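Labels A, B, C and D are assigned to the chains in the order they are written; within every chain, residues are numbered from 1.
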C-alpha cells in the first residue's frame, strides 16, 4: 500500500467526517438545551437533501445557492415540529421528556420516510453539476472540491455558531437554559421561545448537512436512520460540551472509519463507529452528556 | 408597594398555601419567617409566576402580576434569588453577570451596573473569567446577588440567603442587603429560617405556619412574640 | 442483645461536599424515634444510607447485630427495613391491592401461599382504611390515599423497622392527629419507627426520643422536652442571636 | 370458571385451529394470518421488556434476526427438524441477550434505547458482511412448500408467548417487573431485585423474538440473511405495541390486528400509506392516550385482559 493511498484515504475520511460533524451539531444542540432526543434528525437531513435536489432540478438553482431556501425552510419546519409536537413534551420532567421525545421522533421518522417515498419514490437521487468532479491535485493527492467545501462550510458554521452562543444575548440565553432552565427563567429569559428557536436552529443545521450529503453522494427516503446513528455516535464521542469539539469528533470518526477500511476492508468501516459508541456507552452508562453548550 | 392578597396554591391536590396575604412597602425590608415546609418558597415561586395560584392576586406597583409568565415579571422589576442561588456553573462569572442584564429594561445600563457590581464585590472582578462552578459558596452568593443587581430590579426577593454559608459570610450578606435598601432604595422581601438575623435587618415581619400567616408585626414586637418559638419548635 | 439498629460513625461525601460527618446513634426494639433538623441537615441522606440507596463513605450500619451497610437496597428491605418516600410514590399504574401485594410478596422473609398473601395484603389495606379501593389504580386515588397506600405497602413487607420520611407534610390538623395515632399504634404491633418530620408538634407527641441533626452532625439526642430546650437546637433552628448587632 | 370472556377466547382458539380444514381457509387468508401471528408474537415479545419492565429496546429486531438465522441454517443447511431448529434459534437469541444484558441493562432510560439501537445495527452489519452467501433460494423445500404447517407453527409460537404474557401479568415475578417499571427505587425498597427482573424479562423477550424469527424463517423461505436483522422489525413491534396498549397482554394483539388490517386494506391502493397512518396514530397515542386501544376499551367499560387487572381471582 503506497503512502499516497493511505494519505488519500484518510483525507477522504476527514472530509466525510466533516459531514458527520455537521449532522451531529444540530442533534447535539437540541439535546443539550431541550433535553430531548430527536431521533428524526436524520429525516430532517433527508428533507434538506431533497430540498436541494428539487431546487436544482426544478428551479435550476445551484446547490450552494439552494441553501438560501433549504436552511430557512428547515428552520420553519423545525418551528412547526416543535410547536406542534415537541413543545408538548418539554413540560414533563426530564426522564419522561427524553422518553416521550424519543417515541415521538420515532413516529416522525416513520411518517417522514414514508411520505418521502410516496412523494419522491424510493430512488436514490443525486445532484450532478458542472463542478461535481472537479478536484485539485497536490503531490499526487486528489482533493475533490465538492467534498472540500463540506469541510470549509463546516468550519464556517462552527465559528459562526460559537460566536452566536458566546457573544450574543440569545446565545447566552440558550447556554443558560441548557444548564438550568429554572434559573434561566428567573433571569428573565423566555424559556419557551429559547426552546423553539433552538429546535428550529437544529433543524436548519440538519438542512445544511442534507444539501452537502446529496451533493457529495445521494439522497433517498431511507437515509435517515444511518445519519441519526452517525450523529448520535459523534455526540457520544464528543459529549455535549462544545461546538468545535462536536465537529472535531465528527472528523475523527470519518478518519477512524477510513483507517479501519484500510486495515480490514471496506465492509467493516461502518462498524467502527458503532463499536466505539458501544464501548463508550458501556464505560460511562450514566451522565454521557454532561456539560452545556459553548 | 408589593402586595399578595389571599393566595391559595396547590401541588396537584395537595394545598400548600391557604390564603396568604402580605405587603412590602416601597423601600423597606420585610422578612417572611417560618419553619421548613411552611410554604415560604412556594409563596416566592408563585410571586415569580413559577407556580399558578388557584386563588388570589399578586401585584407590584399597581400592576397585576398574577398569571404572567416569569420572564415578564422579571422585566417588570421584580427579581428572585432562589434557594439554590441560581448561578450558571458552566458559564464564567462575567457571563453570569451579563446574563443578569438580559431583561430589556436593564440592557442599556449594562456596563454601568457591571462597574457598580464590581465595586461592591471586588472579588468578582478578580475572578470574572473563572467558571462560576469553581467558586466557593460565598463567592457564588456574590455572583447570585450581583446577577440580581444587573437586572436593575426595583424589588429583590431572597430565598434563604444564609443557607449553607459560614456565619461571617451570612453576616456580610445581610449587611449588604441592608445597605442596598437604605442607600439605594431597593425594596426587599427576605425569606429566612434564621429568625434572629433576618429580623436584625427587617422593618416588618410575617410568620408563616402550615401555609397560612399566623402572626405579623414590627421587628421588635416579633422578637418578643412567643408564636415564633411555637412555629419553629412546636412548643 | 444488641440494639435493633446501630448507626456507627457514618460519613457521607458528595463530591467535595460533606453531607454527614460522624453520625452515630442506635435505636432499640419497639422504640419510636424522631429525627429532626433544619433544611439540608442530612436527614434524607441518612435515610437513604440506612436503606441502601446511597453507600456511606465511611462508617457501619448494623441491624439486629449484623452489618447491613454495603448490601443492595432490596436485600436490606428483605432484612426487615421498610420506608416511605418524601414525595409520595406508589406504583401509579397498578391497583392498590397490587401495590400492597408487591410488598407482601417480596418483602416478607417467610414464604406464604397465594391466598395467604392476598389476605395479608387486604389486611394491610384495611389498617389504612383502603380495602374498599383495592381494585382502583393508585393514580386514581387522592394524595392522602396514596400516602396511606404507601404506608400499607411498607407494612406489608412485615418490617421490624419502618422509616417514615415527612409523611405529614401537607396534612391538615385532623389528618396530622390521625397520623400521630397511627404511628403510636405501630408500637403495639412491635414495629420500631423512625420519623422524619417538620411538623414539630406532631413529632414531639409521637416520639419517645429525638435525634437532632444540623449541617450533617448530630447536635442533640434525648427526650422531646429536653431537646427543644437545648440552646444548641434553638440556635440551629432560629439562628444564632449573636451573629448580628 | 367459564364466563363469556373465557368462552369467547376458547371459541376463537378452536376456530383458529380448525381454519385450515375449513372450505374458506384458503392460502391467501392463511398467509395473511401467518404474518399477523408473527407480528403479534414479535410485538408481544417486545412488550415483555418494554411493557412490563419499561425498558425501551430499539434493537429488538436483532433477536428476531438471530432466531430466524439460526433456525433457518439448522433446518435448511443441517437438515434438522423444524421444531428442534426453532427451539435452538430461540435459545441462541436468549443466550445472546444474557451476554449483552449485563452491560446493556446498566444503561438507564434513553441510553438503553440508543444503546440497543446501535447494538442491533452492529449485528445487522456484521451478519451482512460475514454471511453474504446464505441467501441461496432453497429449491427442494420450495417445491414441497405447504402452508398448513407454517400456519400451525406460527399459531403455536403466538399461543406460547401469549400464554407466558398472561402468566407474567398474574404472577409474583410479573408484578415485580411492573414495580420496576413504575419506580425502580420504590421497588428496591420493597425487596425487588431490579437487575434480576430486568434481566429475566430481557432474556424472555429475546427468546420469544427468536421463536418469532424462526417461525418467519420457516414461513418465508427465501430472503437475505440480514433482512430479518433490519430495524423495521423493531419499529413495527414498538408501534404496534404502543398503538394497541403497551404493558397489557391484549395490546400487542389488538395493535397487530389493526396494523395488518390497515396494511392489507390500503396496500391495494397506496403503497405503504398505512405506515403514515400508524406513525400519526402512534404519536397521537404517545401524547394523548398513553394506554393505547386497550385504555380506550377500558374506558368504555369493556375490560380486556389488561396486565393491571391481573390479580382478581
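By our rule, contacts are C-beta pairs under 8 Å (C-beta built on N, C-alpha and C of every residue); 3 or more make two chains touch, one makes a residue touch a chain.
Values in this document were obtained by computation on a predicted structure and should not be read as measured data.
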| item | value |
| --- | --- |
| Distance in touch steps, counted as few as possible, from subunit B out to subunit D | 2 |
| Neighbouring chains common to subunit C and subunit D, by label | none |
| Greatest separation from subunit B - chain, by CA centre | D |
| Distance between chain centroids, defined by C-alpha means - subunit A, subunit B (Å) | 42 |
| Subunit B-subunit C separation of Cα centroids, rounded to whole Å | 33 |
| Length of the line joining the C-alpha centres of subunit A and subunit C, rounded to whole Å | 49 |
| For subunit D, residues that touch 2 or more chains besides their own | none |
| Per-residue multi-chain contacts in subunit B, two or more chains | none |
| All pairs of touching chains, each written as two labels joined by a dash | A-B, A-D, B-C, C-D |
| Residue ranges of subunit B touching subunit C (in the complex, touch as defined) | 11-16, 35-37, 160, 162-164, 167, 170-171, 174, 192-198, 200-201, 210, 228-229, 232-235 |
| Subunit C residues within the subunit B interface of the complex | 38-40, 142-143, 166, 169-170, 198-204, 228, 233-234, 237-241, 243-245 |
| Complex contact set, residues of subunit C against subunit D | 51-53, 72-75, 77-78, 82-83, 85, 89-95, 97-98, 101-103, 105-107, 118, 135, 137, 153-154, 157 |
| Residue numbers on subunit B that touch subunit A, as the complex places them | 48, 50, 69-71, 74-75, 79-80, 82, 84, 86-91, 95, 98-100, 102-103, 107, 147, 151 |
| Footprint of subunit C on subunit D - complex, ascending | 172, 175-176, 178-179, 181-183, 185-194, 247, 308-312 |
